[in-house]
């Protein structure tokens, strides 16, 4: 940046290096032709992309991850949006307490939530890992659903809905024609954040895993522990590519800053 | 819409939260399976007097604090420069700083294996140039964990600091300069004190994230540099020691709650002064 | 007498937009100079360049005869009052006023004395321990003024200082600023878009438009003899008349008489026939709009501002004669 601020500029460059350079090395090693994880790589090839795409544990866990992310996001919105409406538009006793209850999964460490669900629901009540995984991910995403859609709703004037009712719209019609369009950007942000959060989650997925309920990030962690080859780098590069696409969609439709305004407060 | 029936819409979500999060969490903290009442507190007492466990707790807190300091030292200047820049590149750089939040922690942390590993970039560079005979042990050190966690949480620090600095009227910078303050002096006298609430939020988020992160200490710290998170996983999945796992979870939760509590206390005092 | 500050062919470009276009300007020592013009005329940009907040893309700025073009704001020793006041919210009023002194190594009793002196000058010594956000807009304005004069600046720069105040306070602050200027003998540069403010307060008035200086001089000179149509219009001249020789003249509405057709009220001056198109009664005065043809044969709309109690009773559609003294006709550049 500007040379007139040498200290701030140097620190900023160092910050960007720490954030970005490791990601670049992942991409660089993914194109290695050799079979160990080293830099500079032994020659260039697309070999490890082929290996990654035909490695069954990765493919199976990818399907699991996608199913889990879609399902938990959908359920979190289905439960979270009505709750948001109740919080912002209903006559709810102890509204603030209810709202902070919905946000509470953000405060408790994810690893602790994972342990709790494993101990209590899997071990004590013998529920299936897959269903507990879904419950856990949904609970984790509820805060996003409530907070992000709540922000759109809080900014909207409730008299819009009253006006629609006054013009003769039924409550359902008011919801579909007035409330839902107000919520749309919030719903989109919440869905996007929810999907990404669930897909990337490690702590819950790790503690609640079973043979038929293992997500991609957990499988990758296991793989790194056993073999030291560039296949995880290739897989990571593919995930990076998909994330870039999602980021571009997010930026084009809503703007990054808006989406992340919801995360951090 | 403002009716009692609208309020009922909260129930399904509430049911999931209570049954799928709240009750299990409380039950886990106080009565893990196969343990007697109070056993967990005995275990907790043992832990905070056991040197090995204490070292893990100490390492977790120390690493958390170091990551907070490093993240703010690097993140605040980034936020400051971006918030005060009029360049069109500022938007791109801000997006570049936020983007990693969307990317899997596994992918982000994996890069450090390539950099710090025994065949990694730094090792190759040092031995190749003849600086060292043998590649230094960089992986599975506290330094590796600090680097990895800083990479992970720097974006959060930047966002919090950015929104704080953006709220400080740039006219105040001008006023201080006009009265004779250098850029550096203006930064310390005006920008930093007025961004303090955002800095506190950033510090809290980074600390809470660092003391509970699993992927980074697992990949970069291994079993030689245990943190509370890797220890918790080991109790629950390797040694199947429910009381140990619950006690560790309790310590971890306590740390996070303590820091959040202190920061909201600080925020309240700041608001009234 | 030397100039306190001087602009030498100073330009400021933002991309393709030229905010200030090669202006030459001299700020006289110990006087109050106003930069006046509509928004976007380059007056604030000029002030910010003088203060050092924005570097000119061409030209030089001299302060006390020294080339200061490249000097950062903190090295210029000028006092600036911002439109938003820009008081530090985390400091008390006294600390705001004393901030510049601290930076100059003035501490202890000397600093306290200077703070009190500055606050007394604006009549706010009793609020020294308050926080700025507890103060009213007018009080904040005074603190900003005290903060700027506390450092004994070479120049005091005021950027639209009164625009955020209500009408009554604005008028009161005009004389307040004048008083402070004459008590301290400071050279003051004030930016405003309000012509009344400029006329009342200035020793020297600089009218700007689209990055250029249109006219400069004492308020009475500029007001009495605008040299071009822009300045005339900006100062309330509404009637523009082209003579038979092609020269352009302007007349203020209050100097234009209206009389029923065939009876000129003023001899040996301008006299034009026309038809009344509008009569607007405003209490003290009445505005009569007349459609007429000037000596060169162009159709013109003329506005006459008459005293309500002596105005002839005319109504819309009346044939009238509009007239003015020869001395009231101000020749201007087209």
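Order as written gives the chain letters A, B and C; numbering starts at 1 within each chain.
Note that in this section contacts are C-beta pairs under 8 Å (C-beta built on N, C-alpha and C of every residue); 3 or more make two chains touch, one makes a residue touch a chain.
The structure presented is a predicted model; accordingly, all values stated were derived computationally and were not measured.
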Chain contact topology (line, ring, star, complete or other): line
Label of the chain whose CA centroid is most distant from the centroid of subunit B: C
Inter-chain centre distance, subunit A versus subunit B - centres from mean C-alpha coordinates, in Å: 17
Separation of mean Cα positions, subunit C and subunit B [Å, integer]: 55
Multi-partner residues of subunit B (at least 2 other chains): 183
Residues of subunit C defined as touching subunit B within the complex: 51-53, 72-74, 76-80, 82, 84, 86-90, 99-100, 103-104, 147-148, 151
Subunit B partner contacts - residues on subunit A that touch it in the complex: 1-2, 4-5, 7-9, 11-12, 14-16, 18-26, 28-29, 36-40, 78-80, 82-83, 85-87, 89-92, 98, 101-102, 104-105, 107-113, 115-121, 123-124, 135-136, 138-139, 142, 146, 158, 161-162, 165, 171, 174-175, 179, 196, 199-200, 202-203, 206-207, 217, 220-221, 224, 228, 232-233, 236, 239-240, 243-244, 246-247, 250-251, 256-257, 260, 263-265
Subunit C-facing residues of subunit B, complex: 169, 171-172, 174-183, 185, 189-190, 193-194
Subunit B residues within the subunit A interface of the complex: 1-4, 6-10, 12-14, 16-17, 20-25, 27-29, 32-33, 73-75, 77-78, 80-81, 85, 93-115, 117, 119-121, 124, 147, 150-151, 154-156, 158-160, 163, 183-184, 187, 201, 205, 208, 211-212, 214-215, 218-219, 229, 232-233, 236-237, 242, 245-246, 249, 252-253, 256-257, 260
